[in-house]
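Read from first to last, the chains carry the letters A, B, C and D; within each, the first residue is number 1.
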Amino acid sequence: MLDTLKQPKRGVVSPVSREQYVDAFNWMLLARTVEEKLASLWRAGKISGGVYLGKGQEAISAALGIMLKSGDIFGPLIRDQAGRLAFGESLIDVFRVHFGSRTSLSRGRDGNVHRGNPRGGYHAMISHLGSLISVVAGALVARRFQGDTTAIGATTIGDGGTSTGAFHEAINMAAVEKLPLVVVVVNNQYAYSTPNSRQFACSDLVERATGYGVEGHSLDGTDLQECLEVLGQATQRARSGHGPQMVVGDCLRLTGHGEHDDASYMDKTLSQTRLGRDCLKIAENYLQERHWADHVLLEDWRKNAKEQVENAVADAQHEPLADPAMETWCPYATKRIASAVLVR
Amino acid sequence: MLDTLKQPKRGVVSPVSREQYVDAFNWMLLARTVEEKLASLWRAGKISGGVYLGKGQEAISAALGIMLKSGDIFGPLIRDQAGRLAFGESLIDVFRVHFGSRTSLSRGRDGNVHRGNPRGGYHAMISHLGSLISVVAGALVARRFQGDTTAIGATTIGDGGTSTGAFHEAINMAAVEKLPLVVVVVNNQYAYSTPNSRQFACSDLVERATGYGVEGHSLDGTDLQECLEVLGQATQRARSGHGPQMVVGDCLRLTGHGEHDDASYMDKTLSQTRLGRDCLKIAENYLQERHWADHVLLEDWRKNAKEQVENAVADAQHEPLADPAMETWCPYATKRIASAVLVR
Amino acid sequence: MTITYLEAIREAQEKALRDDERVYIYGQDIGTLGGAFKATKNLAKEFPGRVLDAPISEDAMVGSAIGAAIEGMRPIIEMQFADFSMVAINQIVNQAATLYWRTQVACPITIRLPSGGNPGSGPFHSQCLESLYSHFPGLVVMTPATVEDAYTMLLEAVEIDDPVIFCEHKYLYNRLKCEVLPETGLPCDTARIARFGRDVTIVAYSAMVHEALAAADQLHKEDIEVEVVDLRCVKPFDLKTVLSSVARTARLLCVGESWPWGGVNSEVIASVVTHGFHLLDAPPQRINSKDTPVPFHPSLWGVHKPSSQVIAAAVRRLCDW
Amino acid sequence: MTITYLEAIREAQEKALRDDERVYIYGQDIGTLGGAFKATKNLAKEFPGRVLDAPISEDAMVGSAIGAAIEGMRPIIEMQFADFSMVAINQIVNQAATLYWRTQVACPITIRLPSGGNPGSGPFHSQCLESLYSHFPGLVVMTPATVEDAYTMLLEAVEIDDPVIFCEHKYLYNRLKCEVLPETGLPCDTARIARFGRDVTIVAYSAMVHEALAAADQLHKEDIEVEVVDLRCVKPFDLKTVLSSVARTARLLCVGESWPWGGVNSEVIASVVTHGFHLLDAPPQRINSKDTPVPFHPSLWGVHKPSSQVIAAAVRRLCDW
């Protein structure tokens, strides 16, 4: 279903155009609206399982999403609602999966952030951090075999996820294969409750790029303009044969690890720094300063986002939930094997 | 048994003294002599399992070994015969383990390079590359808890081993904990048949140090003098509270991956480069140039090494082999558990 | 004052830290946060420097525990969820579990695995990996079913000289309570008769003991008396107690939450029939989770794992044999 | 001209590469070197760019194969030794094995595991991990015992839409030979009666089939006729064929080289007794490797794993029951 969702017109524009900025901004806004709804549904006990939000990371995620074109590959992580939408996820899929609807991408078998449509280039993460990067790299290996010379792949990982062996193996392998892979490290200062100081000892994670022989980029994740510029460049470099790109974006997680978490462990002074700025507010100001949007237009966009979200929620809530009676309870794709197993 | 073997007099001397150079040289020579013997025993079918030699890497290994003091921790890898000896391994243990003697460190349960005496600070590697680094790091964590402020730990890894997730996780963790750990990456250009170009894409593995926030050092592994200088410095830095040290030594594997391997895949031109020099020959020349040893003395040392090796082989060959009748077939240390298991 | 299963785990760790200076705890978010489930709540404050936040590096977490154990420490590793121990399995089964056998140096580490399903947890936060780890020589695998066992067995795990995989069940964390923690408990290699009965033996462990007991309550009303054996520890497990129960009832049903192929159930059944074939009047039976990943949606999850209803039905069939 | 088990594996890969452009092979040292065992000898030359040397990154090797499979490829991954697959197990059991169930996208990857013991190989180059992988839902685990099966089953593994763990036995590599490779074989979910007999059924797989056959030869001289069932594939396995053999012989002995706790043997026995209890005249028995790591020294190793002598002795005891 995603196959048709990417508009091929998108791509790198440098310097950032109004069109692109507005586009990204609206995905950010929509993501924020979606997530506020998810949070309130969760508080109301309408969602089983956890809810994990990307508040404060929408600029990076949306900017990455809009740099990807039809045919590209995207492996989003937990805080990538904006990127998912920009890459083409339909709103109803977001809510279906959180409700555990039978019609959801995982048919109630998995929830929240684990959704995807891998054949459409939209990968479905498992929980084990770091393990998606090599999968996206492998998809690019396949594309190379198939003679696709234009597609790129992108995936994100948190500051905490960089400590996994899987992260290391995947980037190193992608570098050896010189794959058109963009790895975006979103340093939101915490991995659950664990601050950077307990996670790594280098002064900036971008310093790892040289050690892998890949190109490194840094960006301020609170500034959409910079996100667009840098991610535009990084995706462009990947697309034009310069191998893997490591982009490190700094920001602050403006929410708990999940909605169950009050984040009381966070260093309160961080929110007073540049990192603690709300990228959505910054982007609104920027739009107004540039006269790319005024109050009225912004309000219009907000209303529009809300409406879309309310409609999607209403639709999703009407859908049938997962039903054990309709489960096959069979994990095999091969018909013969499946029937051998089910006979017993 | 190892506890008493390290002479506390050893340590960093800079610039390199004759005493230190000669000491290291003799470990190199002894290691080479041991390994030539192992190779011929293997060809004669007297050893079960593989034989893996460190030819061409003795300078790095010996230099590391002599920088370690009594109470330090050492996790050698497959090509560390010289370092093992310098750290205090007795010759007979080398042959016992290769013959599968009942009196060997592993009592015939494991062979060749997997020997060690962990309570003596001399770790016994498992085959899975990279997995020893965190173990050595953990030993240093224990020492910190126990108030030991002087000991350091050292371990080696090949160019190939740097691609493992375990390598990454361990160094990163050691950096976060600021442990006195020296990780020596021995880049002998190949991992079995795989050249550097298929293993990593950075121009020099030492570039990884910054990304971990640890201090990086490079050395020419064919030059004992440089090995002593750089490893002296690195161990000294670790010992004086500067956290993990990553040392990358370049050389060429002057033998097959194991004795079964003719290494026909190797790029023949490499042996013509500086990398291809035999560190033992270079060291001999150096000794003579400096007038630290003449022909006669060198010949004496050689004879002495040979004699020691022949004696150890003769002794080890007289020892009883592993005997299934004497096996407990029980992997548990806890008496109660062991007897519960064995009753059945 | 009541104490939950989760609090018992915290108390055991507190006692271990207090009584034995060789003990320390290492795991993600166990310091200030007190752990994802609060099993180490306040311990970092009470024992400064001995309850340490780890990076997201399970392999290195376990590897470092092994190294520390070699040097005489008794580390406890908290995995955030059992499922994430999979990226440390090489260190667990190849390095820790073989260390004593290879070198005669003991490896007294305890790895806590918050295990098992809860509604809405999905395939990667619900796994029961006791069957996986039990396959490997050298590990002790504990599966406490009660608050008391959670407490005394965790203390025992820390004392034992071998690596212990401590499977604590998340479903029980806040649902089980007891009045007061015991001073001592049964040794881990001894099973416990959780309920006496004459008609059928149910062998279970961890959360499934409670499903079995609920089924037994129901069946009691139908005049079927079920004996419930709580294995407590699945590797090694107490075959003697199982056999003597089967000797009395002549009927065996095994219940476990892990996947069916080669799990605890199949090992118990294979052991019983090879050693006590003649004791059985009916074919032994087993109930596991279904052989698919653990589903997210509560209504799927509820059917995926064994329940007291399914257990009761199986017992009725066994009695009709 | 004879063909070895190892050559059959090479031939199958050559054929797969030739017939299906979606196939490629990825593994350490499989290019110029042709693999540590030469299972890909010359293939890199014959199929340029399709037989690729990997860095020492098993997790990424498998992860990348999954990604490529999603995009329609059919990768074969060679692990240098089965033992090293442990550092990739998360990708195998959590990512590959669950992919279809989670997303309805098939994951047709084949992971070749050079498995099992050889004299002098030691604890980390000898492991039999079929029991481990079989525990997880979603994997097909093949264990060919003959040259013919090594060939046709590997081709089948590549064709199958699910992830296949292909356990090829190193002990058989150069010891087994056949005259000519077959065009087709039995489907993997069908067991094979390797020898007919009336007195006892031995269920075995991989190298142990040959130990069982050797025992059967010996016992034949003693007038005991053993039926040997070669499982061929252990997950799923062909319970029907096993049950119908047991129905004829009424006696069952399972032989497997993996560790005892929860292995293939215990699963087969548990399945047989739950479904065919009444068929048995004697308690089913099993022989595994001992429950320790695999020892290095040949004399220890020879006793650690099941041998034809030990099998024959167990059969005699079973017959005397």
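In this text, contacts are C-beta pairs under 8 Å (C-beta built on N, C-alpha and C of every residue); 3 or more make two chains touch, one makes a residue touch a chain.
Everything numeric in this text was worked out from a predicted model, so none of it was measured.
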item	value
Other chains in touch with both subunit B and subunit D	A, C
Chain pair, A-D or A-C, that carries the greater number of C-beta contacts	A-D
Relative to subunit D, chain with the most remote C-alpha centre	A
Inter-chain centre distance, subunit B versus subunit C - centres from mean C-alpha coordinates, in Å	40
Centroid distance [mean C-alpha coordinates] between subunit D and subunit C, Å	30
Subunit A-subunit C separation of Cα centroids, rounded to whole Å	36
Subunit A: positions in contact with at least two other chains	106, 109-110, 114, 126, 128, 163-166, 169, 172-173, 176, 198-200, 331, 341
Multi-chain contact residues (two or more partners), subunit C	54-55, 57, 59, 83, 86-87, 90, 94, 97-98, 101-102, 123-124, 137-138, 291-293
Pairwise touch network: line, ring, star, complete, or other	complete
Footprint of subunit C on subunit B - complex, ascending	105-106, 109-110, 114, 116-119, 123-124, 126, 128, 131-143, 145-146, 165-166, 169-170, 172-173, 176, 331-334, 336-337, 340-341, 344
Touch list for subunit B against partner subunit A, complex	163-169, 172-173, 175-176, 178, 197-203, 205, 207-214, 243
Subunit C residues touching subunit A - in the complex, by the definition given at the top	28-29, 31-33, 36, 53-57, 59, 81, 83-84, 86-87, 119-125, 290-293, 295-300, 302-304
Subunit D to subunit C touching residues, read off their complex	59, 83, 86-87, 89-90, 93-94, 97-98, 101-102, 123-124, 131-132, 134-138, 235, 258-259, 261-267, 269-271, 273-278, 280, 282-286, 291-293
Parts of subunit B lying in touch with subunit D, wherever the complex brings them together	47-50, 100, 106, 108-111, 114, 126-130, 160-161, 163-166, 191-194, 198-200, 265, 321-324, 327, 329-331, 341
